[in-house]
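Take a look at the structures listed below.
Each of the next two complexes has chain A plus one other chain: chain B in the first, chain C in the second.
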Partner chain A sequence: MAVQADRVFVLPGDEVPAALIPSHPKKALKLGPGLRHVPPSELIPTVAGQLATDHKKNSIWVEYNGGRYIPAVGDLVICSVQRSGPDYYYVTITDYTPNAILPQLAFEMATKKTRPQLNHGALVYARVCLANRHMDPELECVSPTTGKADGLGPLVGGMLYDISLGMSRRLLMRKSVEEGKVAVLDELGSAGLAFETAVGRNGKLWVNSESVKTVLIVGRAVKETDENHLNVEQQKKLVRKLVKEMN
Partner chain B sequence: MPREAEPSLNERAFVIQALQEGQRIDGRAFDQFRKLDLRFGDQYGVADVTLGKTRLLAKVSAEVTAPYTDRPFDGIFTITTELSPMASPAFEVNRPTETEVLLSRLIEKTVRRSNALDLESLCLVAGQKCWSVRVDLHVLSHDGNLIDASCLAVVAALRHFRKPDTSMEGDTVTIYTPAEREPVPLSWLHSPFCVTFSFYGENGEMMLVDANLLEEQLRVAKLGGTAVEGTSLIQCASAAVARVKEFSTLVDAKLADDLKRRDKGGLLAELSAENER
Partner chain C sequence: MRGTVALGPYLTGAIIISKTTLDSKLARVYVETFIMTVTTEPEALLSHLYKADGSATYSHAGYTVIGAVNGPIEAQKRDELPEEAIVDVIVRPAAGVGGTRERHLESLLQSTLRQVILVNSFPRTLIQIILQITVTPENEYINGKLVQANVNLPVLPALLQTAILSLLSASLPMAATLTSTSLAIIQEDGRPHIVTNPTARQVEQSKSFHVLAFTSQNELILAESEGAFTLKEWDDIYGAAYRKCCTTASIGDTDTLMDEGTTGADLKRFTRSIIEQKTASDLHWK
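Moving on to the complex of A and B:
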């Protein structure tokens, strides 16, 4: 995670200082991942990480780089198809966990006759639309309000890389360079490489390009940034090195 | 039982396509190994091998037992491998997977049946007492090429191991504690190492060493063996010879380092009751 000086580091079971909890005159306090409410008015972190707050939205959560992905509604994930049932595809979001279900009609413009044919091992970029504890999560590849895919759907070609959950969260941030401190994709793009990526919140990165070399470089750059915790300057240096090696 | 997670269709197609263009996913050359590291523990006979993200721990122990009745002059030497759920959720305790069976068979073949350890030297009193040497091999992290790494770990651990010194007076055998006499190394005859080659493509035209887990899942897998070009076999053999020499120098250098670390004040030679034979 990007280290920010003004954030407090908490451990599971720590006491959250009352001064850090945002207070808003009208809105109710929103608890994000990693926090648990013990009635009447106690907050307990359940994971180790940095305590983050948003005063405008009156929300508080813990930023952590945890091991296993737990589905949450609205998350974008990359999953692989295991088998197909009469109405559903059974897909895995994380290896060695129970399957999630993806309705065959939850694709853009899908009807009984035009639905996509996906075999075992095919990759799908989808959104989590139902996630409850003790229940199999449900996914969709189409926005239920507009009927548009918005870039979701089967992923054809390319290569899938495993990245850490924290890294995927940073890549998915709206301002990934400022907030997430990942400039590696932007740098690669401005170095003249043409590629497309899809980031799954479940720790997956899909990269596709015309040339195999470009895919390999993008994958390696992101993985090295992730594993060695590179800062923005080091990322730029890494990209320059990799691009030089390619030519 | 959870099945091993399989790579997706995209990964399969891409890895093979990249190999056809002469590229590996992690940027290595076809005949390049990952970073190999060997460390010894504080005790004698503990070797920790890391090969990329694959990590193994070998531990040697010895005890005095009765020899097998059909082999009264030989000691006992066993190797047990354990692929625990720590390495991958697909492994279960007490239920060996195919990987584990293949691994233990191959280690058995290379180290035990090649007579790398002189079993007769483990005999104390013929038919009554002998040393039983046991190697426990634990896979701590599985990222492919377990065979080469575990062979290296077993050989290094056995060469590092020291068993308690003994003496014979008439019919009585005395076993000395390390405080009384410096433990003695095993009688080691030669150091076998494995080098695995993985073949890809329809006719097995691409050849890699040290495949990682993803590459291992995609290679041409034929347990009964498959036909290989004669020339590529010779190529493999000569590449393997060079690689084994590297392994051998690595183990020798690390053993020498470890000895230097233990030999404080140069007293080890004086403590030793071994004589030159």
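Moving on to the complex of A and C:
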């Protein structure tokens, strides 16, 4: 996806080398996170990170890890219910930020009578459908076009782990093994463990399994991969070690 | 042959290096003597507090400061601004509780940092910056009398640098980065003499003391002065601070300049290299 040669490091306020800005004859240039457009034609990074470009999509962004999650439309997040109002659930996406709202009817097959009952502390896997700096974010658990949940909805049981924003981005990549270099979940699966996971872009990982041991092992493996910057080989080694310890 | 004098870890002082060169043709020995100012290199640690959104520990010129940044988080209803984020700076001294001295530093930092952070991106929120001073330069004694910096300013460059590194670690959107330095004018042999990163004793003896900060676009953003000085002296101070904080070298040829024994640390290059290392280790999977 991103070309290797463009590993350019930028600090806020730096100049973006003009040669790196993709130029597509027809498509408009798309700016991703970490870049600011100052009219008429200046591009200025706002965070420290590596510049990444995608010539096919004619887009450019700054790749970085860390900081607080800032909601963006289309992101999948794991949030916890704070309280329930007449029409909405008030949920938290990150700590110490204003609550996001989740309409009670934004679930699959939900009607006034069959809406899910969620209490304080319940976890919900949801998609951000409105994110705007002047308003509280709004979430949904159903695709507005098809009316299907597509895996979104309340998360029952299991355990929630905190991971870095970069790790959750890698786990959510379509080809997380090839592009994100995280093989830890695949390895755990092929080692014979049965579990399900949900990854929130807000730095949350939910793991569920029949056996409590498996939940703990999966969570530990992912957290260790994240914190110790393990590469694919080391991840395989870690999984072998953990599975051996379990038996 | 090179002789070096070991100094305390945080002292800035003059040492004498004798260089003995043997010229084989003339079979003569030259002894050259230089006087060089030695400043310990700045050091920093990034994102080491895992509960905070961003954090940094920075030590330079005898000061060590731990910084933590949280934000954007929910602001109290009575404080929030409708169009921009509040920048809240809290300075905690190395010993005791903060007083007017810390409030003064906080107000200087607040007004500087809110110009750098893109506060308009997060209306009605709070960006909290906590700076804990942990080490101050060792006190110096003159004739058995304790010399303590009786001004607030000497710690300001360290606080600013820590705040900027913490903000970078928290990935908060900013318009630019900052570098800051302190300078003093000392009367020496009847002539004024500029000292960068002066010690507590030098500050005491100085005619005037200055703290300047520049953005990464080489624009002056903060200038605080104490004492008596002329306009000409201030211009010299500005020039000295500019050379210290702003490199004219472009990003590509930073290595070549490094070898030429530039006096003291180049702060701009330091910030860049420390953040670059951090980013590279974070994005090791790319």
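Quick note on the criterion: the second predicted complex is superposed on the first by the 241 of 247 C-alpha atoms of A that agree within 3 Å, B and C clash if a C-alpha of one lies under 4 Å from a C-alpha of the other, contacts with A are read in each partner's own complex, and residues count from 1 in each chain.
One rule holds in what follows: contacts are C-beta pairs under 8 Å (C-beta built on N, C-alpha and C of every residue); 3 or more make two chains touch, one makes a residue touch a chain.
Remember, predicted model here, so these are calculated numbers, not experimental data.
Colleague: Judging by the criteria at the top, classify the pair chain B and chain C on chain A as clash or fit.
Modeller: By the criteria stated at the top, chain C and chain B fit after superposition, with no clash.
Colleague: With the two complexes overlaid on chain A, check the angle at chain A between chain B and chain C, Cα centres, nearest 10°.
Modeller: It works out to roughly 50 degrees.
Colleague: Should A:44 be classified as contacting the first partner (chain B), the second (chain C), both, or neither?
Modeller: second
Colleague: In the overlaid three-chain picture, which partner chain does A:96 touch, first (chain B) or second (chain C), both, or neither?
Modeller: A:96: touches chain B and chain C.
Colleague: Answer with first, second, both or neither: which of chain B and chain C does A:170 touch in the superposed model?
Modeller: It touches chain C, and chain B stays clear.
Colleague: Once chain A of both complexes is superposed, is A:160 in touch with chain B (first), chain C (second), both, or neither?
Modeller: Touch status of A:160: first partner only.
Colleague: Once the shared chain is lined up, is A:220 touching chain B (first), chain C (second), both, or neither of them?
Modeller: first
Colleague: May I ask you to decide whether A:229 touches chain B, chain C, both, or neither, giving the answer as first, second, both or neither?
Modeller: second
Colleague: Which chain makes contact with more of the residues of chain A, chain B or else chain C?
Modeller: Comparing chain B with chain C, the partner touching more chain A residues is C.
Colleague: Check the superposed model and tell me the shortest C-alpha distance between chain B and chain C, rounded to whole Å.
Modeller: 6
Colleague: Can you pull the chain A residues that chain B and chain C both touch?
Modeller: 96
Colleague: For a test of understanding, state which residues of chain A touch chain C in their complex under the given definition.
Modeller: 2, 7, 9, 11-14, 34, 36, 44, 46-50, 52, 63-68, 70, 96-98, 133-134, 166, 170, 180-182, 229, 231
Colleague: Can you name the residues of chain B that touch chain A in the complex?
Modeller: These residues of chain B touch chain A: 2, 5-15, 17-18, 21, 23, 25-27, 89-90.
Colleague: Taking the complex as given, what residues does chain C use to touch chain A?
Modeller: By the definition above, chain C touches chain A via 47, 53-54, 70-74, 118, 121-125, 168-177, 215-217, 271-272, 275-276, 278-286.
Colleague: Contact residues on chain A for chain B in the complex?
Modeller: Listed in rising order, the residues of chain A that touch chain B are 80, 92, 95-96, 119, 121-123, 155-160, 206, 212-213, 215-216, 219-220.
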